[in-house]
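Quick one: this structure, given as structure tokens, is what I'll be asking you about.
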Amino acid sequence: MVLFQLPNTPELARNAIRIKATLLRNAISECVGTFLLLFVGTSIIAQLILFRGSVNSWVQINVGWGFAITISVTAVSHISGGHLNPAISVLFFSMGALDITSLIVYIGAQHLGAFFGACATYAVYRDAINNYDGGVRAISGPTGTAGIFATYPQSFMSPLGTYLDQIAGTGLLAFCVLMIIDSRNKIPSQAHPLLFGLSLLTIGCGFGANCGYPLNPARDLGPRIFTAFIYGKEVFTFPWTCWFLVPIIAPTVGALIGGWFYILLLGCHVPDEEPEKNNALKEDIAKPENAT
Amino acid sequence: MVLFQLPNTPELARNAIRIKATLLRNAISECVGTFLLLFVGTSIIAQLILFRGSVNSWVQINVGWGFAITISVTAVSHISGGHLNPAISVLFFSMGALDITSLIVYIGAQHLGAFFGACATYAVYRDAINNYDGGVRAISGPTGTAGIFATYPQSFMSPLGTYLDQIAGTGLLAFCVLMIIDSRNKIPSQAHPLLFGLSLLTIGCGFGANCGYPLNPARDLGPRIFTAFIYGKEVFTFPWTCWFLVPIIAPTVGALIGGWFYILLLGCHVPDEEPEKNNALKEDIAKPENAT
Amino acid sequence: MVLFQLPNTPELARNAIRIKATLLRNAISECVGTFLLLFVGTSIIAQLILFRGSVNSWVQINVGWGFAITISVTAVSHISGGHLNPAISVLFFSMGALDITSLIVYIGAQHLGAFFGACATYAVYRDAINNYDGGVRAISGPTGTAGIFATYPQSFMSPLGTYLDQIAGTGLLAFCVLMIIDSRNKIPSQAHPLLFGLSLLTIGCGFGANCGYPLNPARDLGPRIFTAFIYGKEVFTFPWTCWFLVPIIAPTVGALIGGWFYILLLGCHVPDEEPEKNNALKEDIAKPENAT
Amino acid sequence: MVLFQLPNTPELARNAIRIKATLLRNAISECVGTFLLLFVGTSIIAQLILFRGSVNSWVQINVGWGFAITISVTAVSHISGGHLNPAISVLFFSMGALDITSLIVYIGAQHLGAFFGACATYAVYRDAINNYDGGVRAISGPTGTAGIFATYPQSFMSPLGTYLDQIAGTGLLAFCVLMIIDSRNKIPSQAHPLLFGLSLLTIGCGFGANCGYPLNPARDLGPRIFTAFIYGKEVFTFPWTCWFLVPIIAPTVGALIGGWFYILLLGCHVPDEEPEKNNALKEDIAKPENAT
């Protein structure tokens, strides 16, 4: 006995407002996806810092950011592809998978989403930040909270070291992304977001401590611009004048190096599918093609 | 040589007692599922609080609640759909996927299951609670244990902050639920419970510390009613008079906001399946539809 | 250019020694599987206790035992079904899925495997145990190490409490096992071992602290018999005379309660597969069958 | 409107430089895979040691190394099979799945990759190491950092104990590898790298503390040779003269024991696929073949 039931409102909405312009749709998609990633991601760091280790420890940073990538990419992969990272978009541009107009639009949308993600985290954690710093915002020191939003390097890091660190981390990320999506590796597309997440989780276990693993220009610059309104312009000059450029330049360079490292050393050489050997799982893995 | 073997007793039982009335069956299903979620979930918190951090730390809260969702939804998804959360049921009602009678029955069943889940946890942890508080029940303070069952906010939270926190957390949960079940995102239904679990795990890493992430009116109210019998009526007025309403109102509002945020910004715009492109995994992901 | 390569020795061995007697094959399979589970599992506890928290913490107990189940069941599920637990075998007997001869053989094999698993852990950790206790074995106290092998309850637990705890934990495990293998829930069989593991992981997050979650008569009695040779007969009477019977009786009772709780409340009522609705994923999950 | 888009540069590169000589291609593949494993893996240990427990704890070692295996094997499994471990290659040789020439080439490539992986970690963590030890490299002691790269046993371990420990750990790893790739266990090949990773994760929870679970001759010797240039020849004689031979000999012996333990006790006896029973999931698992 159905007394009252609404019609299929989501399909009605779809028929009414569906966006047909691909570029606009992709821009919204990248913006929403990056918003989601940053809202969740910076909140995870807030929960580490603001509760002085009594709630999150570093393992939540790794696991949380990893699955935040899984969720964010799942949400938008069927619309814009789910780059969520200008360095990855630049890599795809270099592979001929993105035209120059799309590249620029993607990068803009990613920064916008990251900016609003940081805003949302600030709204949710405003009470806790006030409790932590007594209402006086500080970038660093015992009541410093700017590290919730943008990344800052350890005090012992040399500038060269920070570049190496970000090139290594983003290089590994780009390597993993291309290996996962390489159709010759036959990974079902539904599993891609999970593997992207596990890759970032693993990279965070190994490459997070030196600089906080931004690995993504938009993830760092968008929130940093937001924090300039709250903490002052010093967010661009702390701990040294051009630090804020490192998470922009180095991940872009790193993604190109890591991505093409995969393409040239592995991707170019994966054998094309052998016909009619689908079920021979054991041989597939255990027995490499023998030299002849 | 088979000496003695029973017949297929589960199928015999099925033939004898199978319930054909859909609404009753769904009510039992939602009740059992929410019972399972709360029995496991509140026991996880008991294991954090009662052993003063020597057993569980916060990571078990995240991982345990996440997979508790996976298990609970798996158990009942083929009967009632596995909402286990009035806020999610209200969202589905708004989408025309649930009629008003079912909505009311679901919500009642969820609260009942949650109530009994808290009872079961109390039975299992009674010895440990007595050891912790010397037999004198306290809601908060050094021997407070009411937080095992229902949630209480951090002392620094403003009322507005608690509403924002619960709207954000439940909004993200509803966003993830709709993105996972959206058939245009082509996620196999067997993987849905795992992804629900990973979503909650991630949300707990970022949005758990302010208010204990109830995100679910039944999860909070059912156990709170149970604790009123044990700890007294103050469970409804601590730490402030209307706190207990926040985990009822805010998750419902949040689920509607988060769910429709997904529908309007993403779900409406996911392209319909392209014909005959199933195997082109690489392009699917890496190459967004280019502007033309 | 292949200089030298051995023939396919595993298939040669298979042709030579393959056991055709099903009962013997199943006995070996259950014995090896339980050996594997206990060797890995008790080593995980050794790594917690013997290094005084500097290596493992409780999260490794949860994650490690969970995936130890995944590995052990994967190893033997295609031979004997991978029960690895007398309580689960008794439940399957009650369901008509195991005859009485097999039940007795399974239970014997499981205890034998558990005994040898504990032996192997002792061999690997003998140096570390000697370092920990100075060569003088103690069941409990500051140098006590018997808890590596068999379980002991917290000192505050009442006998009734330990029974409730083990019935609850094993009941949940049996509930999860039947829900996972229920063909009407349509979970692919390859995913079963992973879900068994995630279930145990979750149960360990909520029900591990009171008694150390044995949940399995063989897991506890086999290693306890081994420790009687090392630590003396007091392993059967500590901390009270009949404690060692609790992890034998209560899990068996609990598995029957939990398993039949699933069958009677959920399994009996899962609708049979609807024809021709395979792809309607969204409706499948979001929309319960409406009352009519 | 596509203003400018590059051609499909990865496919152009593939056409230009694709290596057709199988042995060379496999050598590059094993070298890159082992490089990736060691670069990530030793960085995870660096993040544990150099930040004195404030960033990573032991759980990141387990989770990080586990998924590092998943990533590394995924990257190269379709080229060389993804052994990444001389002990596994020797096991495959004993199974007739690898010829003697390939075996030697694989082992060489694995050591080379491991060596360069350690170099890369050193480059990324040079600033942090200098901060930790004030610029004076030490193998062990309060400023010792050689353990980032190669493994060293606990001081209480006897030589026999270290052999047992490495035989046990690598034996379990080889057991898991063969069980996962056994086609009669019907695990889809896409899931193999994830299960390899979960296996190593689990082994690390139980067998990591005695000797640091090298479980792989190349993983230990390659980085140890690298550290000889930085820390001096004592890396080969600390803590006792022939320690460095243990992670070479014992894993090789262990892989053969564990692998053949699987083959002889389980693999030989798995029934061949029954015809036409694909969908009877429940019976498949719950009901072992009854004795007749």
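Each chain carries a letter (A, B, C and D) given by its place in the written order, and its residues are counted from 1.
Operating definition for what follows: a contact is a pair of C-beta atoms (placed from the backbone, for glycine too) under 8 Å apart; a residue touches a chain by one contact, two chains touch by 3 or more.
Labels paired with UniProt names: A, B, C, D = Aquaporin.
A quick note: this is a predicted structure, and the numbers were derived from the prediction, not measured.
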| item | value |
| --- | --- |
| Subunit B on subunit D, rotation in degrees - Cα superposition, rounded to nearest 5 | 180 |
| Classification of the subunit B:subunit C interface as same or different, half of numbers criterion | different |
| Subunit A and subunit C, separation of their C-alpha mean positions in angstrom | 38 |
| For subunit A paired with subunit B, centre-to-centre distance based on mean C-alpha positions, whole Å | 27 |
| Subunit A: positions in contact with at least two other chains | 1-2, 5, 57, 59, 63, 95, 97-99, 101, 187-188, 290-292 |
| Residues of subunit D that touch subunit C when the two form their complex | 57-59, 62-63, 93-101, 154, 156-158, 161, 164-165, 168, 172, 175-176, 179-180, 184-188, 191, 195, 198-199, 201-203, 205-210, 262-271, 279-292 |
| Subunit D contact footprint on subunit C (complex, rising order) | 1-10, 13-14, 17-19, 21-23, 25-26, 28-29, 32, 36, 39-41, 43-44, 46-47, 50-51, 54-57, 59-60, 63-64, 67-68, 70-71, 74-82, 92, 95, 97-99, 101-102, 105, 120, 123-128, 130-131, 181-183, 187-190, 192 |
